[in-house]
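Two complexes, one shared chain (chain A), two partners (chain B, chain C).
And then the complex of A and B:
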């Protein structure tokens, strides 16, 4: 009876077909191109337009970059080598690259800023990556003094005696603690200030006369180039975050005086362009200070940049604080934590996490804003590009310098941006 | 009463501090170096070389003054200043001397309270056009697009000149000289106008300088010179006579090569007085008698400085023109050393 079926059905498959590969238009590059670039008439047009622009750019910039001259003593020599062909003259970077990086810092002392940069990475490591041993934090705490000494040189005892102000304050606080929180707090602030104003200078002089130990001093007017940008940017970034947190808390405080001061400061600084503050630092302060005082211009600029960034930072962090549900504050209170403990253990870790994109945004903006110092005559990379062009050898060179400077800034800013994304992923606690 | 006394003492101290500051010469000596304001970079006038040492025509004035006052032409702290910061830097005392291609004008001299110590370069505003344009005089520029730096006297001069000649133009505002070069070469404007020295140095950097011409008309007077604060005449004298010493040295044929020989004594009493062999001129403004000799030795006489920084043998290639000695038909005229 087995052939009953054979009469009604012509063919019965008794084996499975091997799986066919998907059609060529549905896999790999072809599918990607079809779906992403040519999925409709509008996208086809846009794709063709974009391809045209890219080809056009490459056709114009490509030969210019490929023909680059790296070995020449002047723009005229570059042109001679190119002999009428179009080409970039990156020889200027070879000739003046050191200047763009270090300004007029003495060439035989380049190891000092290099070492300072290297140590900065070490000092930042425990703050940025949790796997680094916590003990390195001690080094992070003294790093600013180390960096100052390396960069500016002079007697080692000056930064040491300035650093000693902090233990002096701590000691005073320990001694005065039985007398009450407010009094000990005031003393803990006053003692270091007095130390710096009265004791630190003579002590440094005394120690230097007993054990002369120091590096060759380098004056501020020899600082320049990318080194200057990094000094101003990194110091501004490092100081503006804690200052911003304090200001944000002050603005949300119930105490009238603190709240008014914080609001006044933030609104004033945010209402004024950075360039105005820089002009104040460079010009106006000179009139107010007693004649003959030499208040370092880089220090003045750092202070102004820090204040500027701190005001923005405060608002970013206040945004983070506002994003926290009220229950978090109440929970901290219910646990019996006092104000500072509640901030440190419950509020701030969450508020800062929420604010990371905004904080890094402010950092990157601050770092790029350091180029504004060109307007007060400091020779940052942009300022130096102008000076280099004033040399008759390189007068007329333009894009090569800006490409180099842009590349350096891109590396730093892109690095910061990538790190912040990494940090956001690491701190992500909601599970989807 | 006590507060009153305190504030009185404070005021007195402030006044005393002001008086002390007035003697710039003592400040410079105490500091051991001259704080000199220069441009952040202007081809031929001030620019750092590959080793970071500032070079140029304006820089040479600073070095000569430092050599005259301190005996060391390298004892100068150069403070790069921008067009906006230069005057405040000088009046606030941050710098002792400003040598930054600054035009001597009435309001700067009188209203801003500065003293110009002479003129080291007579400049004037000119025009550069492409040869293809077929223009040979500024009178033919009616309706042209002109690249011009904003916020400078050149902008005002241009407007004055075109109005006086009943012509119209379209300005293309630019910020820096480097930007102007790019715009001009890219054809964004037919004409580039700035000081003639700047035009010459700009043209020298082009790949095809022969295709661009400087028009003969000079439409403004731009006497450039070093300046100091009002109120310290002794210091102003030192700067002024250092500049005259450089100019006079060229007139009398004193060069950096023969100066040591001449300083042993010559038959020309003027040279002897200038080089401090006789007369004791230096002591009159509290300098050593060989101050001028040191100033001239720093970079040579005016002519030597000119030819090594901006002269015809350099890429900038400026002719002496108005900046020749009065004996050669120029305007340089040093007052007698007597």
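And then the complex of A and C:
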């Protein structure tokens, strides 16, 4: 064969070289590093600077974390164990962690907030994930009463008779419906209010005297720790969204009175620091309420936090409403949908969808703002950290406590943030 | 071109579907519609044309009260449009509308777009509403897209869905506001074909459009508007062959490119 080659052409390769792997500078990690970290002199400089900072941080924090002491009764004991070396004293978390989580809630009743938290996950599931059966929504609807009963204890008939206000209102509405939308609407609001003011209390007492059934009551001043943050935060979140929607609609309403009230409320609340509202809740309300009324401090704080977040929520949602093209309203009108149906089926789903980042932003802000209740004497994690440091055993400890508290908040806030990103992806309907 | 008038005999003996009398409308101090008088009989197909800004959209939007008129009367199928919300709802559920920019609901699938109003306004059971929707989606020839979202469809497809969505309410009257003017040229025909078919079925239609071929083929009457007034109206052959006013002639020469 090679003979014929020699006669016709000077050189023809008759064996192929095996393929070589690409040069090491063109593959995988090496290539990535070159392209992303060292692609220009500015890039090189930034990379080196960042590496320096990271190394410096690790050199200082690393030993501190690695040497942590987890078993000790006091800061002094920690120092003794460390014997001069730098090291964290996480023994404080071991010693006081339960308090940071539950405040002064009776230790033998911890199962109640734990169960309430677990049931909260169940109640939230159908709201957060469409694949959960819709029937679970019934549980979500009664969950607030269940949680209240578990946390505060007392007669089971109290939350039950409060809950009965809703079917009472619905029934009244059904009965009055032939009399027109406005009248039946008014009745549907008035009947539950009357029920709660007049009927619910005596009814609960009566039922309790017939069938005594209850949990050991726990007073509000025993509540504290991260549990308190979750109670205030979650209730505030759950209430501020619907209230924010109503305020946003009110602000865009054609009706002068409703519009003025909404604008006035939103601007007032946004113009005032949350802490002043909390002080109002804790101090001033005592002057205005009739003497002898026992208006729970946690409830007062929840109301203030909710109102505060609702004002921000309203503005976020108003932005979402403004982003909708007029054509959406017109199409809904042209199809004969009335105002509320158009809002519920066409406008709000879209407005809320574009507002998701802002809404979650407000949620996260609200959740972290719950730490402000420390200033009115409630023992949230920050408040407890102060009292822990006032204890002679742990006097002088800072970082370990705040790292722990920070971590708790981070887990929740990061969770919300991730969920919102998931939701945005799920609701994306253009160009799959 | 085949004229579709043969399939549905229309004359003035048919009952009146829309009656507009001495209607005026202002936007603030701007007088958009002046002394509009117009009668539409059941089964009639009317094309409205005229220069941009002449009030064509405003006129047909008054017919389902997307815009409010300030004087005169509008009576749709025996119901006068006043500020009475009941009357407005009644008229809107009988009058379908198709917009220039489709205005489909982007968060709902095509099927859901079509079943929304029947379920919530007409109280049709979901199963039945879905059957009706599929029927009309087949009629506009896109049943296979039923479970997609509007954002995944072409403009022409979206406009056909918008027509199906309006038809699902079983309207007696259909209003079209420049249904093809936001479409790429190759999609105009599919939408016009759908509308021609609708006309063949005897639907009462008012259509704002500059598609003069469509007007010739489908309309019983062409109305020319300018500066908020109805300048002239006539059967399409007459209208195109012998426009009476100077303004009409000028408009036609511009639009037909003579």
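Keep in mind that, in the parts below, the second predicted complex is superposed on the first by the 413 of 432 C-alpha atoms of A that agree within 3 Å, B and C clash if a C-alpha of one lies under 4 Å from a C-alpha of the other, contacts with A are read in each partner's own complex, and residues count from 1 in each chain.
Operating definition for what follows: contacts are C-beta pairs under 8 Å (C-beta built on N, C-alpha and C of every residue); 3 or more make two chains touch, one makes a residue touch a chain.
Fair warning: this is a prediction, and the values are worked out from it, not measured in the lab.
Asks: Report for A:410: first if it touches chain B alone, second if chain C alone, otherwise both or neither.
Replies: Touch partners of A:410: none, neither chain B nor chain C.
Asks: Considering only the touch criterion stated at the top, classify A:427 as touching first (chain B), second (chain C), both, or neither.
Replies: second
Asks: Applying the document's definition of touch, where does A:396 land relative to chain B and chain C: first, second, both, or neither?
Replies: A:396: touches chain B, not chain C.
Asks: Considering only touches as defined above, state whether A:346 meets chain B (first), chain C (second), both or neither.
Replies: In the superposition, A:346 contacts chain C only.
Asks: Which partner does A:334 contact after superposing on A: first (chain B), second (chain C), both, neither?
Replies: A:334: touches chain C, not chain B.
Asks: One more residue to check, A:103. First (chain B), second (chain C), both or neither?
Replies: Once the two structures are laid over each other on A, A:103 reaches chain B alone.
Asks: Using the touch definition from the top, say if A:32 reaches chain B (first), chain C (second), both or neither.
Replies: It touches nothing on chain B or chain C.
Asks: Which parts of chain A are touched by chain B and by chain C alike?
Replies: none
Asks: Name, in rising order, each residue of chain A that touches chain B in their complex.
Replies: Spelled out, the residues of chain A in touch with chain B are 75-76, 79, 95-96, 99, 103-104, 107, 219, 221-222, 279, 282-283, 286-287, 290-292, 374-379, 383, 386-393, 395-396, 398.
Asks: Tell me, which parts of chain B touch chain A in their complex?
Replies: So the residues of chain B touching chain A come out as 14, 17-18, 20-21, 27, 39-52, 56, 77-82, 84-85, 88-89, 92-94, 176, 178, 181-182, 201-202, 204-207, 314-316.
Asks: Can you tell me which positions in chain A touch chain C when the two form their complex?
Replies: Of all residues in chain A, those touching chain C are 325, 327-328, 330-331, 333-338, 341, 345-346, 349-350, 353, 427, 429-432.
Asks: Where on chain C does chain A make contact in their complex?
Replies: 64, 66, 85, 89, 92-93, 95-97, 99, 101, 103-107, 116-117, 120-121, 149-152, 165-166, 169
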